[in-house]
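Each of the next two complexes has subunit A plus one more chain, namely subunit B in the first and subunit C in the second.
And then the complex of A and B:
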C-alpha cells in the first residue's frame, strides 16, 4: 500500500464513520507477529502529477502518517506551488513523489484511534473486511 | 425471491449467505480463470477514465483483476474488491506494474474504507448486480456516492435483463434474480459453479441511483449492460 492511499482510507466500522478519530489510521503500534516493513519501489517521476494531486492531499493526516513511519522532513504547512517546473520546487516535488508513490508498505498494521480496530497489510495489500461481529 | 437455476441454490432465503456462497466464494474459486477472460476495457469505461482531469483521485469499487487501474496514466485510482484472490491478481499482474499510479485493497462494497467526499470520481463495473436485495443494491450505490466530492461523478455498470441477442438470451419478463453457471474444464474434469446476479431492467439502475440520493447525469445501454453516470443529489446525506 502506498502512502498516498493511506491519505484516503479510514476505519470501516460504521459507528466510527462520523467521528474525527477514524481518519487517518495509525501506524504507531505494530504487532510483533507482522512487523512493519517498508520498501522503495521505483515509479516514473512526473512533476505535473505530484503538482496535480497536491490539492487533493489532507496535509495534517499526511504529516501524522509520515511521522509514524519515520519521516519527519515534511513542512508543517502544505506547500503552495505555482510552477511544477521551477528549479526551486524540484527537490520538494521529488521528495513528495518518493514519499507518496514510491514508499510501499509491504506489511504491518493500521489502528483506528476511535474504536481501536486493527487492519492488517500483507504482501502490500491492506484488508478492510471486518470480522462478522463488527459488520452492522 | 424467485431464483431461476438448473440446480437448487443453498441458503437463498438469507441474502448475506447467498452473496457469501454464490458471489464471494465463487470469485475466489474462479479468480485465475475469470481473470484470463477479463483483459479488454469496455469502450465507455475507457472513454470515461481517459476524460478525467489530470491529477484526479478515483476509485474502482469491485476492481476484479484491475484491468481499469492503469488506463489513464494522469490519474490515481484505488481499486478494491471483496475477493482477495482477485485483488492478489490485480496487484501482481502487469495491469499494476512498476510504473503504476494505482493501488489495491480488499474491502466490502457496502462498508468501504474510503474517506467521505474526497474522491473526484469512481467506477463500479459489473458489481452492484451481485448484491442480493433491493435495499443492499441501493446501499451499494450510496456508498459510492458518499466517497465522491460534491461535483464528482461515478460510472456504474450492471448486467441487463434485456439481452435477447446474447448467448444467455434473457429478455423482458424473465426472472431477474438468477444463477449463472461458470464452467471450467481441467484434465477432462468439468466443474460448474453458480454466481448470483440480479439482472437490471430498463430504468432500474437510474431508480436505484435516485433512491441512494443521487442524480443521473447520463445513461445508456452497451453490450448487454445498463450504465449510468451519477453524482450526488442536492440534499445527499
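And then the complex of A and C:
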C-alpha cells in the first residue's frame, strides 16, 4: 500500500464513520506477527498527477502517517503550487512523488483510534473486511 | 471548414457515438456528431484542422481511421466532379510526395482489376512522386459503401456513397489484440472483455493526471484499461483471492506485462457496503462491472443469521484467542440484492466524484422485461448515455453518469433510494428467462 492510499482510507466500522478519530488509521502500534515493513519502489514521475492530487491530500493526516513511519521532514503546512512545470517547484513535487507513490508499506497493521480495530496489510494489500461483531 | 470522414468499426455500434463524444470532450475538439448512424461505418464531420482530426480519434477503440475528404458522390462521375471542384488547388502540394492508393469497399468487393481501374481514373490529379506500398508519405483512399443486400439490381449491389480522401490518422484498434484476455497472464472468471474495457475507459475520460477507481476490481480488467490511457488506477474487491492472485500471476504482473506499472496505485480488499474511502476524498472516475451474481454470488459483509452477533462481542476460539485476529480468518458474508448494490454505487459516486467526473457502470438486463425504469438514478448524477451489448435473451448496458457540478444546489441528495427491488437478474438468468416468478422474494434473499 502506498502512502497516498493511506491518506484516503479510514475505519470501515459504521459507528466510527462519523467520528473524527476514524481517520487517519495509525501505524504506531505494530503486531509482532506481522512486523512493519517498508520498501521503495520506483514509479515514473508525473508532475501532472501530483499537482492534481495535492489538493485532495489531508495534510495533517499525512504528517501523522509520515511521522509514525519515521519521516519527520515534511513542512507543517501543505505547500501551494500554481504551476507544476515551473523549475522552482520541481524538487518539491519530486519529494511528494517519492513520499506518496514510491513509499510502499509491504506489511504491517493499521489501527483505528476510535474503536481500536486493527487492519492488516500483507503483500502490500490491506484488508478492510470486518469481523461479524463489527458489522451493522 | 474542412470536412473529414471517420471510418468506424462495424462492431459495438451503440458505443461509437458515446466514445467519440467523450474523446471530443477530453481532447477539447469541437465537433457535431449528430450525423452518426449505427447502420453505416462512415461518419462525415467538419473539424477546424487536421490536428483536431488526429486528436479526436487518436485514443479511439471504435474508430478505424480518419480521412480528409477530397470529394464524395453516389457515382464515380459525381465523385470526380466533386474532387476536381474541391481540391484542384491542393494537387500541386502533393505533386512530388511518395504515395499510394487504397480501395475499401463496404457490403461489396472489387477485384484487383477493378481496383486498378478505379485508381487509374484519378490520374488527373497528376501526382508525379514515387508510388510506395510501404510507408508512403501520403495514402489516398477510395471508400465505397453499397446499399444493404436486400436491394440487388442485376446481380450487382447498388452504390450508396463513395468518398475519396487523404489519410490523416488511425484510432487504436491495434491495441485490442495486445490486451486480449487470451494473451493476458492473470485472468479469472470475471475478467472483462478487453475491447469493451478500453472503450469504457475512454467513455470514463481516463487520462494522465487523473485518478480512477474500480470498486469491483476482480482481476483488474478495468484498472489496466484505464492505466493504458495514462490514468492512475486503484481497485478493491470483497474477494481477496482475486485481488491477490498468486506471487507470479496477479494484477501487478499484468501491469508489468503491459508496461504501465507506474500507473498502478493500489488494490485493497473491502466490502463495497463498508468502503474505507473517506467521504471527503474525490475521484475523477469510477469504472466498473458490479457483480450481478451469475459468475460469483453477490455477497456483502454480515451474517444470514441476524441473531448471531446481536451481543456485538467478538468470537473466541477454543483456546480463548480472538478468531478475527487469526491470519486465516474469513469474515461472515450474506447475500445482497443487486439493485441495492447499484443504488449504493450511485450514492457513493455522487459523494466521491469530482464535478463532471464520470461513473461508468455495466448492468445486465433481461430483454423480456427491460424498461427505462430499470435504470438507477440519483439526483446529483446526470445519465449521459446508455450503450447496449445484446446477447440472446439478455443484454448488458454501459450506463454513464456525470456528477452534476456542486454549485447547483437545487438537486441535493434526498437520502437512500426508495426503489422497490424486483426479481434479481441472476434469478431470471438461472430460470432461463422463461416464466416470471411471483414468489421470488422468498427464494432470493
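Note that in this section the second predicted complex is superposed on the first by the 136 of 136 C-alpha atoms of A that agree within 3 Å, B and C clash if a C-alpha of one lies under 4 Å from a C-alpha of the other, contacts with A are read in each partner's own complex, and residues count from 1 in each chain.
Keep this in mind: a residue touches a chain if its C-beta (ideal position, glycine included) is under 8 Å from a C-beta of that chain, and two chains touch if they have at least 3 such contacts.
Keep in mind that what you see is a predicted model, and the values were worked out from it rather than measured.
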- Query: Clash or fit: subunit B and subunit C on subunit A?
  - Reply: clash
- Message: Applying the document's definition of touch, where does A:1 land relative to subunit B and subunit C: first, second, both, or neither?
- Response: both
- Query: With the two structures laid over each other on chain A, which partner does A:33 touch: subunit B (first), subunit C (second), both, or neither?
  - Reply: second
- Message: Between subunit B and subunit C, whom does A:129 touch in the aligned arrangement: first, second, both, or neither?
- Response: both
- Query: Which partner does A:52 contact after superposing on A: first (subunit B), second (subunit C), both, neither?
  - Reply: both
- Message: After the superposition on A, what does A:44 contact: first (subunit B), second (subunit C), both or neither?
- Response: both
- What residues on subunit A does subunit C touch that subunit B touches too? 1-2, 4-5, 8-12, 14, 17, 23, 43-44, 48-49, 51-53, 56, 58, 101, 123-130, 135
- Message: Going by the contact rule set out above, which residues of subunit C touch subunit A in the complex?
- Response: 208-211, 232, 234, 236, 238, 240, 243-244, 261-262, 265-271, 274-282, 301-303, 308-309, 311-315, 323-325, 327, 329, 331-332
- Taking the complex as given, what residues does subunit B use to touch subunit A? 54-55, 57, 74, 76, 78, 80, 82, 84, 87-88, 91, 98-101, 103-108, 111-116, 118-120
- Complex contacts: residues of subunit A adjacent to subunit B: 1-2, 4-5, 8-12, 14, 17, 23, 41-44, 48-49, 51-53, 55-56, 58, 101, 119, 123-130, 135-136
- Message: Show me the residue ranges of subunit A that touch subunit C in the complex, using the header's touch definition.
- Response: 1-2, 4-5, 8-14, 17, 23, 33, 43-44, 46, 48-49, 51-53, 56, 58, 101, 118, 120, 122-133, 135
